[in-house]
Amino acid sequence: MLMAKVIGSVVSTQKDSSLVGKKLMIVQPVDSDKESIRFHQVAADTVGAGVGDYVLLTIGSSAKQMFQSPSEAVDAAIVGIIDTFDK
Amino acid sequence: MLMAKVIGSVVSTQKDSSLVGKKLMIVQPVDSDKESIRFHQVAADTVGAGVGDYVLLTIGSSAKQMFQSPSEAVDAAIVGIIDTFDK
Amino acid sequence: MLMAKVIGSVVSTQKDSSLVGKKLMIVQPVDSDKESIRFHQVAADTVGAGVGDYVLLTIGSSAKQMFQSPSEAVDAAIVGIIDTFDK
Amino acid sequence: MLMAKVIGSVVSTQKDSSLVGKKLMIVQPVDSDKESIRFHQVAADTVGAGVGDYVLLTIGSSAKQMFQSPSEAVDAAIVGIIDTFDK
Amino acid sequence: MLMAKVIGSVVSTQKDSSLVGKKLMIVQPVDSDKESIRFHQVAADTVGAGVGDYVLLTIGSSAKQMFQSPSEAVDAAIVGIIDTFDK
């Protein structure tokens, strides 16, 4: 999984039906020192994350299978809110 | 998912049968400030996107399963048109 | 999908049986201005592409499922020859 | 697989149920000279690894299927502790 | 697939049972001029490759399915030894 910070959301009216009702959050992947890495992505929230939260992001078929419908357009999902980074 | 801008399309006559009838759009992934990131890709459109639109791009098995045929050549699909980037 | 230029091929005698009979082409991914991006890869041809052709490359499970055998070693396949880049 | 060093762990209370009971370790991918490469990730431990251990990391559907539940949020797993790098 | 050079191996006693009996080779991905690209990885050998060999590397679900067990920890496999790079 990646660690990421939630920095916003996107609104999309014309979209695949499987995305309807999903919170599409803009996330900035970070390292364990909360420094930015990689690039912004959009992830479907599954745990009630909000802007400013540090979260766990899962990518690919793991993200898709967090949701029940077989033809799921999601390829990235927020699957946890990080309380602490212990190092 | 990635955020991207549609910048063109490719024409391919000699191609896998699963690509016939699909709009193959050239996309430039962007961050949430609409700045270019990564590299150009080709994605199959599923929502009627056009050149200049900012879109949601899904990659991998999620893209493949947006279409019904089992041996689907697609590994990237446009699954939404972005109305707004809220930050 | 990625856009790429076919720049050669590899010969491999000692290989997985699923690769027997497949044309293993060396490809250089490019952007829509035909500039090189990323790095060379090897892709199994499915449409009769030759050296110098610009092609559509699919990666991952989509590439694997272009072929019938379940334990398929392929993870990249050429699935179209690009006639034109329209921008 | 990637080689990586375990450098810490994350605590997440509000998370997908499939992550409950899993040790979520922060890992720094390394090359075979133990030099850092790529970026920090979080991986679910499956072999009792601890901070300071050099480990084998598997990514994607292979990681997901290390665990039994179908809707598994994991996309990275520690699958071995490296005794020696032989070059 | 990637082209790579086998540069060593790792020994891991405490590992997932699916890795037992597999030769875990350290590989350096290369381009078709045998120049290093990307980063070191570990791949399970399936064709009897040795240190110094140039090989074909498959990544992801294709690698996993080179082996029979469903919960397979492998995400990268050596699937061919390259005789020649023809350009």
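Each chain gets a letter, A, B, C, D and E, in the order it is written, and its residues are counted from 1.
As a convention for this text, contacts are C-beta pairs under 8 Å (C-beta built on N, C-alpha and C of every residue); 3 or more make two chains touch, one makes a residue touch a chain.
What you see is a predicted model; the values in this text were computed from it and never measured.
When the partners of chain A are compared with those of chain E, the chains appearing in both lists are D. The angle of the rotation carrying chain D onto chain E, fitted on C-alpha atoms and rounded to the nearest 5, is 70°. Rounded to whole angstrom units, the spacing between the C-alpha centres of chain B and chain E is 31. Inter-chain centre distance (chain C to chain E, centres taken as mean C-alpha positions): 19 Å.
Along chain A, residues 60-61, 63 each make contact with two or more other chains. The touch graph of these protein chains is a ring, one cycle where each chain has exactly two neighbours. Taken in ring order from chain B, whose neighbour in the chosen direction is chain C, the chains follow as B, C, E, D, A. Taken in their complex, chain D has these residues touching chain E: 1-3, 29, 31-32, 37-38, 46-48, 56, 58-63, 65-66, 77, 79-87. Those residues of chain C lying in contact with chain E across their complex are 7-16, 19, 24, 26, 39-43, 51, 60-61, 63-64, 70-76.
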